[in-house]
């Protein structure tokens, strides 16, 4: 299997996830702005998850590009990542409808943590398949973003479940998104270097 | 990232948005034409939004084609546009189910205005990335359509919220759609010229 | 715009329509075969529409292939066809849930008739764009299938609404599907001939 | 029609099926872990079906690659397979919501059996089109997986309906998934051999 096909399938799944997520924004009964306002928490959680999925789409693309071929472990690690990403609309809707109630914010973090772990596993599978001196390995370097994110997720999950400080948890989720929004030029730079 | 991939992802998202929008047309209880007739406003709003999304799909394609590469700002401006487009099924369903009630017509205009602004931002990002003498800049020229549309949307929003003249607002939305339906040959002409 | 892109977009929309149609098959309450049996009419109408959409997907592909370029009229005639196809899940669900009640069977036929007309318009737009001696024109020849289908749809609509003979209408819909299922080698043959 | 297009369409449909399946995981009312826990059976059935669809996606790809052209029978055998796969979200949701009640587990097996039969028919159509000495025929060899799976499905269906031993049935479904998860290198090896 070629990497382009894995990429096309993953792109399609992410495009569908990002779009069906809006179906959780159910059309309300009543035609006033008050009624619409009651959906604001669902809207906010939708915005956050939309940004997360945009980041995953973008980084996933760059990562897959460093692979020269698709092995069985890469294929299943990729499906494993798509599985956890597919749960994002569910936890987004649950958290939004319950106005970021502590346990819903905690479960949101659990799914995000699983996505991060699945992403890390996929990264390791690609590095393993490419052998020592893998382009991806050099590109990610110390991978401080990849190491920091799970710690922040875990902290957010802990404060949400233990202290019911859901706003601290939400702030941490926003923080992780911001960290990744800052463009990661490492892989891009390496790809350009390889071409030259 | 190549422009073809940004285009494929955007196409997929727009194809999904345009298609899941029909899910707002809920199968009614009762098997008579009377029951079906009660869905006519939802159907009408669906037609309008279908045409809008068709226009966005078409113009988006031509615009992306003028870009020679995808920068970070272009990528996120594109996701920003897709975000607002993804809200179209929601406002379409809300407006239709409430028979074009003033506030729903106003909110429909707000989302349309945000789509137009997001489209304009994406346009500017592409022009900025291409540098002075950008093909897109020359192609859009005075961009009277791009300048007129937000004004018409703003007017529609105002009359919907302030005077509750929802039919004036709806007429303005139809007018904007008609303006864009008239084919915009500028970009196409420039692309043909470039190839020659 | 290239025909490949129009084809890719149309394929995506048809793939989504064919798949979300199954969402009308709502998971029932109750875990017995009796409960499942009550969904049998919905299942039957799903099968019929699945076959219809498969036929449209296949023939649409062959037709687009005969076009050498995408003009504005072709683009909008294509979106017009996709619009009517997008209503298929709705009428399928409505007809199935109401056990093929006469008026639902009649409305199903109306949407099918509109799809057929939209397909015919698209065909004419491609022939017009290709000029005299168009490959498509020669390929479809007398186009007896294209001429017979609307007549059969119209007959089915009439008997459904006027006499409430919904089973005659359904038989006519099955008949049209069977007519088209018999492979139409005309276009394929012409394409092969052109390549040679 | 080229095999790449059949593949792209099938990929899109499978990507949509795998993703809309998560819509059966309905956002619950209530913001506690208890409420979430009640969805655990639905989650479990989702995991099982996700793995099945991942396996079908992967094997389908390899199988289509052995075909050199798409005949009418291949096209319709492929749509027939997609039809049964499209029912997977429905039976997955039904089984999950009813906590693997015997009859729901039996019906799940029936759909899985039909998918397996449809896959086998598609395989035979490709072999028939390729003629004697078909690459696919040599690649699948004795096809013990393809022969064993329907037997295991049939056994699961029988114990589910006759003895209400739904957990035996579920174990058999998991067993079939595991058998296929072990990578099937036959086709891949043949494709590599052909290229050399």
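We just call them A, B, C and D in the order they show up, numbering each chain from 1.
Throughout what follows, a residue touches a chain if its C-beta (ideal position, glycine included) is under 8 Å from a C-beta of that chain, and two chains touch if they have at least 3 such contacts.
The shown structure was predicted, so the numbers you read here are calculated from the model rather than taken from an experiment.
Starting at chain A, find the fewest moves between touching chains needed to arrive at chain C.
2
Same or different for chain A and chain D, where same means more than half of the interface numbers show up on both copies?
Different; most numbers are used by only one of chain A and chain D.
Express in whole angstrom the distance between the two chain centres, defined as the mean CA positions of chain A and chain B.
A distance of 27 Å separates the two centres.
Which integer distance in Å separates the CA centroid of chain B from that of chain D?
38
What are the residue numbers in chain B that touch two or more other chains?
8, 12, 16, 20, 23 - these are the residues of chain B that touch more than one other chain.
Specify the contact topology among the chains shown, as one of line, ring, star, complete or other.
ring
In their complex, what parts of chain B are in touch with chain C?
Its residues touching chain C are 8, 11-12, 15-16, 18-20, 22-23, 25, 27-28, 30-33, 36, 47, 50, 54, 57-58, 61-62, 181, 183.
If you look only at chain C, which of its residues touch chain B in the complex?
Chain C residues touching chain B: 1, 5, 8-9, 12-13, 16-17, 20, 23-24, 72, 75-76, 79, 82-83, 86-87, 89-90, 93-94, 97-98, 101, 103-104, 107.
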